[in-house]
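In this document, chain identifiers A, B, C, D and E correspond to the written order of the chains, with residue numbering beginning at 1 in each.
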């Protein structure tokens, strides 16, 4: 197992490096430059290119970037927050995205699981129908519509929660964004849990457990859920990454200083370092979560663990 | 102060003008909650380029001069100044002011700041303010790397005296002084933070009305509190400023309505909702929006009659009144009104009818020119692509423009290509466009900030239009004899503007105004189209 | 029972089939197995689950690349890299019937296309009519009606499906059919139908079978010769009579003694012999082939041979 | 039902047994002839016992039993019809502006008499709420905008269906192409396994590890914005899910005996992948396509939200929503039609997909 | 042979079950009667799909959701802890009650496929202990000890280590032993073995059967075997119920069924399986295949495959005719009016041979 983990981590690092290279090439393909404000003269632009080393061949830029990165230096922003180290931007913004995304994931996954389990257990009853309707609506309505409607109702009309994110009331002001973000996760998890649970519930080992007399929560959590969990985790993993790395729409509506809107702004203003830095964080999280998921598989399902371990 | 077209103009002027008097008198304090559309890009005065950053830097830093409520330059850190006979030497005498670390503000701080602005190592984007626009001696050479920064024509005669040498007399030089590019930087303090300068309350020094107390780069919320050591602290009514970046205008309005904001921007659609509200106002943003035809690369657009037909086909009133609704006013001049005041104290473009004959909407004239153009070009259908920023307002305007051109000039088709702004600018600079919807904001309070664009070879002359007569007029006005003859220069500039409009080098559309809500509790916020868009020094908020 | 002719149809010599599971672990699914199948005979391969029966079958038909050993089929060596012609011979002359009649038929294909697939691949017809005719003939041969050609596998019962599987193999006129547990998934009542059919076909066409099963009474019934496999080693081989009358290897003996008999009085009193490789003290890899009599060979060491043959 | 057992027999007399049988079936008159051998040797030789339905018929029956799925299908049909014919149902065009008739609330002939959809709207301004009727105020008595008009005075009905058309085209085209790419990728990767799979999966990981937005925006920046580009962008990113599914299914099937059977018959890899395996995974594939349609519509809507969608004045449901979003608090009626249509479309596709999945998946046979 | 003091454990009467499926209702069980007495073993034989599993699942209260019990009763008798007898109709009790009082504790089941019937994510030790902890709230240590004992009892070596293994680490035979250990863990009165050895090879099968038999002897529990392997039946059963298309078509003691079968279907089953002495060129077969229960058929469901069918078979489902006190068969051939039909000659030979063999052995004892 240890050896496998190590090997897996190494492959992941290699993949990350590949992603970094691809990102670099993509940036190179990006039309325009970070410095094409109307007021800039060509000389000025050349000076800026020289200042940031953008005038050098891409491979030199790449190796320099990788070298710097190993020292924790992700470069500085060119224009959206001039000369600010990317690491500083990420440090201040990522935790907020992770926190709100984390709340959304937790909420969505928990509610989704409960809905899905109920739907599966009470298959073809009114509960099933209600759970299905909720989950279908969850995947059918765009999150910005949810966000604005929530903000209008609970923020503006009822004043239960703040409408805008505030560092002074992080928890309270994260409620509405988390809820609107969690809808899609909740809906997909609910649907998935339902179908997986149905499959598991029909399996022989569930019959055996039932024939032992096990019933109620023990049956569901000890036997059914654990076995249904692998595919659910597989679906959940990319959602986690997406949510934790911020959502432009929700960040825009709730004025959240997260990384989602930062990325969009950076792309639109050709701020290469920010794009690369944030994309890289995204990639690292993606690869990391995939790694965790892979290792989790092993923990949940001993078959996978022992097949992979070299013992 | 700017009056803007549309319903909010009166409200704006009341809000602003009443402020000046009431602020000093009443002890009204409180924190002003201000909405920003975008994050601050930089708090380094020599690196910042955008309005938001300028506004915030100016909140806590004063320059040599500042704007009064009407936008005229009045002394700030310079208690007095002298201008030499030839207009090429400015001597500023500083008042006793302190940095927030207790150091005195000295002439050396200005020298250091200005040298940073031209130091090629810093690659300051606004260095041209010192060179091309400010004409400070040796600035251009230093930027080009030909001379050391110490050669810059600015010297600290003593702690309190700063002397500036110019290449030519620059009539608007004093008004440049409120650009943060010309702000002082305390060298000793700067050396303690270096790379982190301007990234947190600990790495900025204040010498202005407020002190930055809570800030992170690209923060969406940050705060400033009143500076007790400010030389004019007695006249600062506010306890502080709280900024909040909100990118969604509906959330902003709702926040305003709940009282969380005192000052917020609206989008045009929301104006219907608030137009009867006394808190609604519309303030000038200084931008002129216009369409630039690519005269050089598109043969049809090289035809002056076709261009004239197009400019006559544009109904600016409909654009501003029916679609934008934020108070933006139609513009029939190449230099927008309300920022450049002439020798006689009048607004350069106050009279919008002057060139209306050459561009204002007139379907009949449009048709007439269109017919001529068609026969000259031997074609009767035209199709142009127009590149447009992927932002809300430009897309709105473009859709109306397209519709107007197509209905008034049958046979003409306009296809809209929406691009992110950077991309659009790049395309226009590369001449890779047919029609482009673009805008220009003034850099200083002189018509030249606009008229200078259309000389042959200027990088902002996207259409590569070229006219010898025009070039010579502009030449005269910048470095020629007219430099020292304000009245003559003024008249010559009108001649130049007439050429631009008569040849339909650009199709001016409107002067941008912003629709804003200002809480009725707030007075004395000043709005300016140039340099610093909003100034809060004289604002007050009644509890 | 077909007479034994001199040249074997299939000759397997020292076949080894290893699977590398990971760096440190290799499954020796088949280890040094040699046997022969003569034209027209049925060779039964028995052994417990996991002993490598299927693997042998699949190596022979080249679903796997053998790790070592030589397989000669119809005079051609088919264990190495196959030439196009060899491949063609192999894919037509040797066919396979699978265990699970449902899983071995593509559920989305019509029976006609399932049976005709071999014809399609090897372009063995000129017109569609000819193809149809061939398919119908085979259908009839396996006891199905021509109208069945239009149906999908799931529209058949288990026995019928297995008939389709047989038809698919048969249409190529193979000389050897590998039947891998082709009746174990069927009901008792239907097993007999399929076995009967296979016997009929053998009589008619002279095909040889490699009959893989673990139901020994069935194997005994259908096979001419039998090979006993355990842990990848072919422990004993001989004619059916030889094996059943005189099992030498303790494993064979335990296997035979475990066959349940449908006779309650006898069955209730029968005690199976136990055999456990781990504790038996036998090492298969040390064994060599020893001739018992006739075509009866057993794999063991000399001492073991002496001991068992007493 | 009482137990039908003759507890007589054995040593009982024949007559007693006959008697008992008769008592069991009082309504039946037994005759001698009935006890004759049927002599059915010929009959029993033919096994007539098989499931009567073909797969697709089964699917159809299962599908149509599920009401929600049928509802989804019907709604899609209706939206499709309206997307085709809706824009032509009145005289307006999707781009034609009439600034004098901007922001008119919905007004429908006939219904207006009931006091609803009569062109009046409640304006909630900061100075109070008031009822406005632009038709009356501007004296446009004979003008009708069924869904109202937008800020340029364009007909929202026409634009909504025009947008639905564009969204549907994008969705379907993207789904189809994505299916082709994703499916082939997954199938090939799964079938060949080993190093090929390893490489292809690494590539996938790299492609997936880069935020989609980066890829899509870059693409839109490089190419001309427009429908084709959007479809292309979707193609680049949306196929990953499909390839996963196809690969997983392939892994499940490739060792199935029918695949082995094909291999023993000498079939080539591509024959096996596309002719043998593909028809068997059509269920999950169709389901995934159905699910990917809403994703495509969403993605396009997101692109519109960041200003990278279909160029104005053309519209898609997504761009309509992001455009009319700005009127959400002022003229809420404007954003309602596209949102409702979009949500209905999503809902329908999701319902349809759910229904198809259940109909196509033999595992969920019971109901 | 019948023992007058036989104590009835299970009595299934007229069980009738339909499944709702998308293709229509499947009438899977059509009036099944089964009797089981304490300490005895009944084998339920029949082809795939004849309804063997469904019948027993009904008794366990684990029928699929789409099942509908139309009529019938399943009387189960047991003793409370204080010794007082109790008889309940399992079909009248709700699932919850059955889970608490019956499942595992009084009736336990061993499933067909040991590969899939163990929870892959739980160690086998836990799975064995689970039932004890659940039903008896036993202390963990005690349950552990008992589980260990059970594992040893079912013949798993190195039990201590195996407790911590996961199912996939065990071979099929071991897994089936674990399943049996699970079934025995709560000392049930009745053990239902649903094809416990079909997935195993002969040598292991023999061992498992021995094991169940010895446990049964030791504990005096009743066992129901579900199988279609007559060899297995011969080894373990006291009584045999032959099932076809949701009905019991012949029932009797093991000897009656093997040495004196009366139903043509039983004949088919017996002769289709070659024994080691079968040397005929062709095996006797039952033609055709089991009926599709989606389609109701009037009369005898077996008639279409029955060479000996009478005309009346198409009209009326035959009642159970009595052959002896313990032996019944549902075929019109037993009606006095029916023509005399002999079992097929091949089978007759075989039965004669088997009887002779049996006699020889019995005499030898």
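Everything that follows uses one rule, which is that a contact is a pair of C-beta atoms (placed from the backbone, for glycine too) under 8 Å apart; a residue touches a chain by one contact, two chains touch by 3 or more.
Note that the structure is a prediction, hence the values are computed from the model and not measured.
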{"item": "For subunit B and subunit E, chains touching each", "value": "A, D"}
{"item": "Remotest chain, subunit E as reference, centres from CA atoms", "value": "B"}
{"item": "Distance-maximising chain from subunit C - centres being C-alpha averages", "value": "B"}
{"item": "Between A-D and D-E, the pair with more C-beta contacts", "value": "D-E"}
{"item": "Between subunit A and subunit C, centroid-to-centroid distance (C-alpha), Å", "value": "53"}
{"item": "Distance between the centres, which are taken as Cα means, of subunit B and subunit A, whole angstrom", "value": "40"}
{"item": "Distance between the centres, which are taken as Cα means, of subunit C and subunit B, whole angstrom", "value": "89"}
{"item": "For subunit C, residues contacting two or more additional chains", "value": "157, 159-160"}
{"item": "Per-residue multi-chain contacts in subunit B, two or more chains", "value": "250, 254, 257, 390, 420, 423"}
{"item": "For subunit E, residues contacting two or more additional chains", "value": "64-65, 287-290"}
{"item": "Contact footprint of subunit B on subunit A as seen in their complex", "value": "31-44, 47-48, 50-51, 77, 79-85, 88-89, 92-93, 148, 151-152, 155-156, 159, 163-167, 252-257, 261-262, 268-270"}
{"item": "Interface residues, subunit E side, partner subunit A - complex", "value": "57, 60, 62, 64-65, 95-96, 99-100, 102-105, 108-109, 111-113, 116-122, 130-131, 134-135, 166, 168-169, 179, 182, 185-186"}
{"item": "Sites on subunit D touched by subunit E in the complex", "value": "1-10, 12, 14-15, 17-18, 21, 24-25, 28, 30, 32-38, 40-41, 43-51, 53, 58, 61-62, 65, 365-367"}
{"item": "Parts of subunit C lying in touch with subunit E, wherever the complex brings them together", "value": "48-49, 157-160, 187-193, 195-196, 199, 214-218, 220-221, 244, 254-255, 258-270, 272, 274-275"}
{"item": "Complex contacts: residues of subunit D adjacent to subunit C", "value": "46-47, 49-55, 256-258, 260-267, 271, 276, 279-280, 282"}
